[in-house]
Amino acid sequence: MIFASDNWAGASEAVMAALVAANEGPAPAYGNDEITRRLEARMSDLFERDVAVFLVATGTAANALATAAFAPPWGAILAHRDAHLNVDECGAPEFFAGTKVVGLAGARGKIDPRGLIEALDAMPAGVVHHVQPAVLSLTQSTELGTVYTADEVAELAGIVKNRNIAVHMDGARFANAISSLQVAPSTLTWRAGVDVLSFGATKGGALMAEAIVLFDRSRQEALGYLRKRAAQLVSKHRFVAAQFDAWLDGEHWLDLADHANAMAARLAAGLDGTAAARLAWAPQANEVFAFMAPATAAALRTEGATFYEWPAGGLAAEDRPRPGEVLYRLVTSFRTEPAEVDRFVALVDAV
Amino acid sequence: MIFASDNWAGASEAVMAALVAANEGPAPAYGNDEITRRLEARMSDLFERDVAVFLVATGTAANALATAAFAPPWGAILAHRDAHLNVDECGAPEFFAGTKVVGLAGARGKIDPRGLIEALDAMPAGVVHHVQPAVLSLTQSTELGTVYTADEVAELAGIVKNRNIAVHMDGARFANAISSLQVAPSTLTWRAGVDVLSFGATKGGALMAEAIVLFDRSRQEALGYLRKRAAQLVSKHRFVAAQFDAWLDGEHWLDLADHANAMAARLAAGLDGTAAARLAWAPQANEVFAFMAPATAAALRTEGATFYEWPAGGLAAEDRPRPGEVLYRLVTSFRTEPAEVDRFVALVDAV
Amino acid sequence: MIFASDNWAGASEAVMAALVAANEGPAPAYGNDEITRRLEARMSDLFERDVAVFLVATGTAANALATAAFAPPWGAILAHRDAHLNVDECGAPEFFAGTKVVGLAGARGKIDPRGLIEALDAMPAGVVHHVQPAVLSLTQSTELGTVYTADEVAELAGIVKNRNIAVHMDGARFANAISSLQVAPSTLTWRAGVDVLSFGATKGGALMAEAIVLFDRSRQEALGYLRKRAAQLVSKHRFVAAQFDAWLDGEHWLDLADHANAMAARLAAGLDGTAAARLAWAPQANEVFAFMAPATAAALRTEGATFYEWPAGGLAAEDRPRPGEVLYRLVTSFRTEPAEVDRFVALVDAV
Amino acid sequence: MIFASDNWAGASEAVMAALVAANEGPAPAYGNDEITRRLEARMSDLFERDVAVFLVATGTAANALATAAFAPPWGAILAHRDAHLNVDECGAPEFFAGTKVVGLAGARGKIDPRGLIEALDAMPAGVVHHVQPAVLSLTQSTELGTVYTADEVAELAGIVKNRNIAVHMDGARFANAISSLQVAPSTLTWRAGVDVLSFGATKGGALMAEAIVLFDRSRQEALGYLRKRAAQLVSKHRFVAAQFDAWLDGEHWLDLADHANAMAARLAAGLDGTAAARLAWAPQANEVFAFMAPATAAALRTEGATFYEWPAGGLAAEDRPRPGEVLYRLVTSFRTEPAEVDRFVALVDAV
């Protein structure tokens, strides 16, 4: 009953097999190998557009580099207050860009268009006293298990486009969002106004493989240097490329995401029928948020379940725990078993 | 005939098998797993001392973080002029520490004690106009295929110790140095005055696994945050730990290094008997430096050999190419075959 | 009718005279002169404690250096959302410390103790994913013309002290706060738990003279280097010291602040009796905030009055403008004339 | 007998008078005042070209900001090994640009064209492992009291121009160079290929007034933000502008420089005739370098002379002290009296 995080899961069989296969013979270092070339072509196919791809070792690196590539030293990176980039990366984005991250409000992890406009108005163009908005970062799926529709992405992107602000998507769980929304990757990204995507494979079934997918080629040269300077250019690069390549092959990535999302839906449906748990909101990807009494959580943990308490301070009034309740996050993965889910629900029921 | 770099080789069988094995079942993320615990214990055994270990994805990250942990923003990092840290990391050390790298002279990649003393004297303590020497970084084995003996390390460390300067060792090829010198890892590191080691497994047989080994625990807390802020905390951490663990198991790492070094010796001996190549100096690890005519190099490349020209501008007069010659670097690895070496030598002979 | 900012005023006669006098003969550079020594002694007298003093050219430099001296690269600087440090310094604090500024809520520019506790709880100690709270910065007087009492400072400082967080006070208008509260400088600073003060003389009557006053000597050595590295060590240092010295001499600084505050009180009292303006809240220092119709503001500007509109988005509901109103800031200075104030009030009355 | 530094001198009478005059009435802050406007026009006249001017408080700030404006985070700033920017600014240039400073060799403080070409060749374009040369910084007059002729500037600028590298001139003593070379400011700067100039008035007669003069307007917007973020935008800006304006008025700056240079020539001529001192090389601006026995120096100091020992380690063989000698630097200023010079020479003669 592992619901602590999708990064507790290992790698899929197919990804691991590809890694072993990639070990055949020598290969040029630093991305000048055949597997990397193949992956780049596959990415362009997938996104229906010629893209530049920069592989890195962690999701934090992907976010920090992707945003730094578009933010001058006086540029602000705008992200949801609860975004990973704002609260879970120990200041990496500020460090990489040498600049400021500005947190925006919005219900259930999604940036509110009105709040975005207000924030932009507080940083008037040309006034040197204020950092200048340079990047808008959207998390897809969000930290709270919700998703932006393509229209919602386009609306937010539309607000910033005439202000010369780039749009970044933190897609550590992009696969789960695509699986949830059943749209093409291009629809959710560049066609909706996204300039650069952090495309994560790690949580979805790789060992460690994160890609920066650049739809706007103007920052390609800069990213090459920024990645090296940030110590993220992997020498035996084929081993990162091979993971991503196998993960994308034959819709494997979507099969894995479908499973994770289905497990979340099964978990939500199960909990919804119990007395001891209350769904915070309907999950739209692979994260379930539920309220329980701390004693219930403790009992579940005693039985071997792993999951984390989640801060509720920034939530809208109607999304906060009632007296006696605490908010918990339950994450499913490609490796979650239906039986795990059912046992967890049964335990909640039995409390 | 791959002599371009030891990072063109893949991973050893044992390392790859350990990676596959590590994929069994779920495991806590971010280093809270069993394999990481085991590796930490193994490292302390290996170094005969309680050490703190921080795994990262690249050698540049290991160097930049290890030095940044000891350098305040006004601190200078002193390294050989030809050190990887000074010329091959696109400014990563300056970026991570927010400070200055000062290049030191010395023959064949090794810092000269007199030059070190002069450099220190040029940065008098307490004068705010000058950066203050904070870290001395030694590369072991060096960029020029030479090694520092334990006494040489101790001499350099002794010069800086009374000035409150930390000693870092860039051990991207530490295994090759140990294999060459036939001393215990402790003898070459903390017993000789080293405070922190970049211990590289990637070039020696892993896919991507680099460790910062901290002999001075005072910087342990700082390094934990610095690593995360630098986007180098790998989420599925067990997969990095498993590589390193298998690589160290049963002296596997030394077997691999012995082989690489032996191949370099074989190559050097072979070239020494040819008319078309001239050894620049005797190799002490897994890198051979030789002078050849560009036409010779071109002919070898036509036959499929890969290797790089090497800048000779900073070398001592007696180590520079003669008219008509160019300096080339030939790197061997754990995967280099004797037949490859012999074929290369035969081709040189035949030119 | 200059109410745009107190930095539109020039320097007091006494300060200017001291500057001229300081030009007599040669003097050692970089702070090794007699006037600097004298100022340091005067500061220690004023604060009833041995303090270290670092003079810089701008208030932004004082804030960014004072906080950077206490914040490691992974440390968060906590400040009110509306603090100068958070919104008016173009990212200087993030740049100088290489870290993150976290904005806190609170009515009328003052940090709310409960909000502070919640913010701290969201950054649990020892968790490397989150920046660690390192500095709490209080603005005194605040951006909204209010002041913290010594007890309020002590309460906030008390919350953070057991968490190893330093307390910084942004005293760009410290003189106005002292004048308002009628307490000793020591009472409002180190006796209440403040570790470092940005003590500004520029707004209060100097040309350009800002001091970092360090009550905690442990950061003295670091600040010396940080100031030079930040290009804030003025070479002809006596000319900054002379301004500050004359400003502090014989309570001149308090006389100037008393006047500025009195002009604000006069302005507030005057506006309170008009129909066309409504006081937002009672001024406690030298800044008056009032609601007016834009047309009223326009008419006043036509008559030569200067003042700025002020963002009201972050204010508590009861402090926001009503329909048809806009919030304006009116700043008085040591040079504001009673006649200016009266003419302004009369013009408002006449609208 | 003050020969320690030209920043031991105070301000000229005319500059001080202008400062007092500038205190009349209120003025908009942050450079939106009349005096700043007037100075900008005067600068454009002086340089015979429309220039952008950014005033800052220190020479280090001018250098660090001017170079940062042209250097991306992966860009190298190339400067003479002995340049102020490389050795006397505590890492400010690395900090401001987030990048690396590369020291170049060359006799008597002047960069050697061949050495420049070699350094450039070591950083091949497009190779992400190496920082990319972005700015060439020339010091005029140099740290060793020599000057580059306009042709020499043009030669060095010509080498880098086809590589997309900007040319910066550190003109902390630009006035002394102009006075020495008797050429127009435009001849020595943009007409010779200089893109940006650190134009210092402080050493030459102001209290604290340094200008970044931008010949390449493409970086103007960036510099506005960079200056504020670096805490160098002075609020009561008129007081910096007034100093510079008066200094430039009516060739006052050149009169002051002529005097300083003449005093250096007088000092050199005098020392040349003594037995106890030996000129290191002929001064070309306001700095004299001479060899003396330490006992001689000690005797002079006992008589009240101030001057500094100067490191000779990096000098060419023929410029180094002979056994028993030490190298000393003697700086003259606009305030140096002929009698001071003569007394010093007499004392040397008497030793």
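Brief remarks on what is shown
So that you can tell them apart, the chains are marked A, B, C and D in the order they are listed, and the count of residues begins at 1 in each.
Basically, contacts are C-beta pairs under 8 Å (C-beta built on N, C-alpha and C of every residue); 3 or more make two chains touch, one makes a residue touch a chain.
Composition by chain, UniProt nomenclature: A, B, C, D = L-threonine aldolase.
Remember, it's a predicted structure, so these values are computed and weren't measured experimentally.
Summarising the inter-chain layout, the chain whose CA centre lies farthest from the centre of chain A is D.
Between the interfaces B-C and A-B, more contacting C-beta pairs are found at A-B. The distance from the centre of chain B to the centre of chain D, with each centre set as the mean of the Cα atoms, comes to 40 Å.
Taking each chain's centre as the mean of its C-alpha atoms, chain B lies 50 Å from chain C. Computed from the mean C-alpha positions, the centre of chain A lies at a distance of 34 Å from the centre of chain B. Annotation for chain D: residues 73-74, 89-91, 95, 98, 128-129, 225, 228-229, 233 touch two or more other chains. Contacts from chain A toward chain B in the complex involve residues 2, 4-5, 7-11, 16, 19-20, 22-29, 56-61, 64-65, 89-92, 95-96, 202-203, 207-208, 225, 228-236, 238-240, 335.
Residues 73-74, 76, 87-91, 94-95, 98-101, 103, 118, 122, 128-131, 311, 313 of chain D touch chain B in their complex. Note for the complex: chain B touches chain C at residues 30, 72-74, 98, 128-129, 132, 222, 224-229, 233.
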